[in-house]
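Next, two complexes with subunit A in common: one pairs it with subunit B, the other with subunit C.
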Partner chain A sequence: MMALGANADIVLVSARHQLLMFLSAWRFTVVLGVIQPAVFLLVTLGAAPTAGSAYAGRTSVAVLLTAFWSFTVWTGAGILRRERAEGTLAATLVSARDPRLVLVGKSLGASSASGVLIVVTITAVLLGLRQPVTVEHPIWFAVGLLVVLLSGTALGMLLSCLFLVTRFGAQISSALMYPVFLLGGLLIPLSTVPVPLRWLSWLVSLHWVNEFLVSSTSGDPDLAALGLTGLLTAVYAVAGAVAFDRVSDLARRRGTLELV
Partner chain B sequence: MNWSEPLFRYGQAVRVGLLDHLAANPWKVSMTTSWPRSVLQCLFFTLLGGVANDAEGITFAFIGSAALVITLATIVGIADVPMTDKWMGTVHRIQLSRMAALGIFVARSVPWLLEALVTVAVSIIAVGLLVGRFPLALELLAGLPILLVMIVSSAVAGLAVASFAVGRNADVLLGNGMMYLVIAAGGIVIPPGRLLWLDAVGSVLPIRHGLLALRAYVDGRPWLGELAAEIAVGAAWAVVAWAAFRHQTVVARRDGVDALA
Partner chain C sequence: MSGQAIVVDGVSRTFGRGATRVIALAEASFSVAPGEVVALLGSNGAGKTTLIKVLSTLLLPTTGRAELCGHDVVGDVHAARAVTSVVFGGDRGLYARLSGRDNIRFFGMLAGVSRRELRGRVPTALEQVNLTAAADRPVETYSKGMRQRLHLAIGLLSRPAILLLDEPTIGLDPLEAERLRGAVTELRDHGVAILLTSHYLLDVERLADRVLLLGDGRIRRDLTLAEFVRQAGHAAEVVVRGGGEPPALDGAHPAWVVGCSVTKENDGWTVTLRLRAWSAEVFRELGALFANVGVHDVQVREERLEDAFRRLAGQSAR
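Then we have the complex of A and B:
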């Protein structure tokens, strides 16, 4: 029980540290958490000025997930690289506690901060435009948002390990954004994507959580989509843990990965 | 006046800019990440235009999205040119130089201009094929002189933005902020005029008038007036960039700071 409490402490302290990082790097946070979702929402709602609240609800969910993905690939994915740049990666890897707890905590902090900031931005833009949005099942919607955070945490862990083994993380982040924008079926309907590529959306948890959140705003909650989101999130988390073990192996046993 | 020496110096600045660019963005990395990102961004915004307005929206957004690709290099990318000197601790060398700071940064930005040209051409061809607008893509490529004006005007605007960013470590915020402003107010996906205040902001942004000229050129309407407006906007941004770098260089020398602050 004590170990569980200590582990939770590590996760929470790491999450808090990540939040402080976001505050100190506020310029980047503003671009990804405020400017990008605000512009996407203005453009998509502006493209259909006569559309009703159902369209606005669908679009708001899609913008939320689109901006959340951008935030994940630009910040959550760089957590371990920043640890290395700040000289704390080695200390984390050789600490008495499981170093994965630090990564989980920081990824959770990144996902939570980005999720809250984007939701606040979208709400502010909708209020500014006086655009009503209805959510028929607010509790299920909140459950969906929680799953978004968990999925972002798992994705952040996985990408963070991958980005540690390249010095071109910024370019890869840049290249990873749009495939998910296009294949996730978020702002762009999957019907516009070439048929042979559509199956790729099944592998994107944000696609399924988008289905679930949209169904929570109007109609019956799509619980199958929620289940698939949970399943994919679990797969990402396991892949992240395996990737971390691999990175740890490269750094500690083989000595082929620089830690500082 | 002997032009050979300044030409040699600026030539060397271009060469350093190219070497810097290739060190940070090797061909292999550019071709596998940056260039595909440009194509996918163009495709994304093109399809976004079709969400609400189908075929007509796709055609409108395709032209806008192609022009938007330019800003990835000329506004977001160029912000790194003066920042690199700050990161590398070489700002004082520029302050000591007999060459104007803006001139050095313009020369070092040449690779980004070439990158903008390549990515916009690749994006137009690729997305034109993907969305079934290849004849339109060929027309857009025939409007290359208009695209070149947009590349230059947005590049000087990018340098002006970078001049404000460099002392405040705000290259990411201001560079990306400017690009998103172009998306919102530049008539990229939706025609300008839906929100009056955005429209007013858009009229002084690069790309906006050049894009109107490009649309007019494709439609067979008169386009020289809008192109002249794009050139005027670019010239105004060039003056802002020149004044900002000059002011910062003077202040930096006077106050003994080494960060173009």
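Then we have the complex of A and C:
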């Protein structure tokens, strides 16, 4: 029980540190968390001014997930690289507690900050435009948002480990972004993706959570989509934990983690 | 279980392959008992940091075995980490945007200190390194010396069985360095086994019970502090200047003289004696040796650890 509390403390302090980092790099945060979703939403809603609240709901969910994914890739994925650059990664790795807790906390901090900022921005834009959006199942919608947060956290952990072993993190970030948007059905309907590639969308949690969130704004919540999102999130999290072990073992073999 | 806190047995570490292969550490073997302070000395590239990295579990040894309180640093890595605290030092390795208190709490938690224990220990550790007044400021506002002190406070917090200190007093002013040495001595008195590297030989002189001299990745000497100074050749150097005829020192020297040179100049002479020991008896005999010549000036320079290190490092390199 005490260990559980101590682990939670480590996660929370790590998350708080990530939030402080966002605040200190506020220009970057504003571009990704405010300007990006606001522009996306203004353009997409402006393209169909007479569309109803269902269209606005679908569009808002797509903008939320698009902005969230790009924020996650640009920030969460670089967590371990920054830890190494600041010299705190080695100190974390040699500690008695599981060093993965720090990664979980920081990824959670990044996801929470970006998620809250993007949701607030989208809400503000909708209010500013006086665009009504109906959410028929607000509780399920909130559950969906929570799952988005956890999924982003797990993805951030996984990407963070992968980016630690390559110098081309920024390039890979860019290369990953649009395929995920397309396969998630966020930019274009999935029906327009070539059939031989369509199965790849099953592996993208954003695709399933998009389905779920849209279904909970209008119609019956697609609980199967929610379950699949949860399953994929768990897979990402396990893959992230395994990747962390592999990366740290590799660094110990190669001696690539500097002491200071 | 040998009763030793640190056991290093034939540990080697190489980097690269073929023509680019570098031996950073070769067949290192030694042990450190609980309550013992051992200093690693050596020039840059001698293998000190590689050894600390292996023991702190940041680097896998290529061959050999190392145990911390009986826990293998490769096979039982989590248990080995649980009994060890590592002070890396330097400007980095801290969360710059968090306060000093938050940093110490955070790394304390990672070291396995419970919340209840942290409440009592954090103020004590901050007091030990004289950071209480600055504890709630962000670390990015700290000077280099303050950051170094914070590193030390973190290292002292978890009260480990083994403490690995890499350049602990770098960046500290003399008063802060002395305060730190006091804290390390206290830990030693409580049975903590301490392995330290330092370029400041004063740290070694004040803290170490034993000295391991490394060169080219090998342990060249494993000596007590007294042995270390003695093996360097002498304890003091005496330079005597005078006029007229120099003393007759060309024949057999007294046993306490390990080296002698006489230089004649136009209006006098200079005798340089390297003495094995520097005591009242030696002082008396020295007076007798120069009783019948005209002495103008005498200079005595006690051998410092730094001189001993330079000499032994030079011998190791050859």
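What we mean here is this: the second predicted complex is superposed on the first by the 252 of 260 C-alpha atoms of A that agree within 3 Å, B and C clash if a C-alpha of one lies under 4 Å from a C-alpha of the other, contacts with A are read in each partner's own complex, and residues count from 1 in each chain.
The rule is short, and it goes like this: contacts are C-beta pairs under 8 Å (C-beta built on N, C-alpha and C of every residue); 3 or more make two chains touch, one makes a residue touch a chain.
Here the structure is a predicted model, which is why all the values come from computation and not from measurement.
**Student:** In the overlay, answer first, second, both or neither for which of subunit B and subunit C A:Pro196 touches.
**Tutor:** In the superposition, A:Pro196 touches no partner, neither subunit B nor subunit C.
**Student:** Figure out whether A:Ala91 sits in contact with subunit B (first) or subunit C (second), or with both, or with neither.
**Tutor:** Only subunit C is touched by A:Ala91; subunit B is not.
**Student:** Which holds for A:Gly5: it touches subunit B only (first), subunit C only (second), both, or neither?
**Tutor:** In the superposed model, A:Gly5 contacts subunit C only, not subunit B.
**Student:** Between subunit B and subunit C, whom does A:Leu182 touch in the aligned arrangement: first, second, both, or neither?
**Tutor:** first
**Student:** Between subunit B (first) and subunit C (second), which, if any, makes contact with A:Ile35: first, second, both or neither?
**Tutor:** first
**Student:** Considering only the defined contacts, which subunit C positions touch subunit A in the complex?
**Tutor:** Of all residues in subunit C, those touching subunit A are 13, 15, 49, 52-53, 56-60, 78, 81-82, 84, 86, 88-98, 102, 105-107, 109-112, 114-115, 158, 166.
**Student:** State the interface residues of subunit A toward subunit B in the complex, per the touch definition above.
**Tutor:** Answer in residue numbers: 27-28, 30-31, 35-36, 39, 42-44, 46-49, 51, 168, 171-172, 174-175, 177-179, 181-182, 187-189, 192, 194.
**Student:** How about subunit B: which of its residues touch subunit A in the complex?
**Tutor:** 25, 29-30, 32-34, 36-37, 40-41, 43-44, 47-53, 57, 130, 169-170, 172-173, 176-177, 180-181, 183-184, 188-190, 194-195, 198
**Student:** Inside the complex, what are the residues of subunit A that reach subunit C?
**Tutor:** Counting only subunit A, the residues touching subunit C are 2, 5-6, 9-10, 13-14, 17, 20-21, 24, 86-88, 90-97, 99, 102, 251-253, 255, 257, 259-260.
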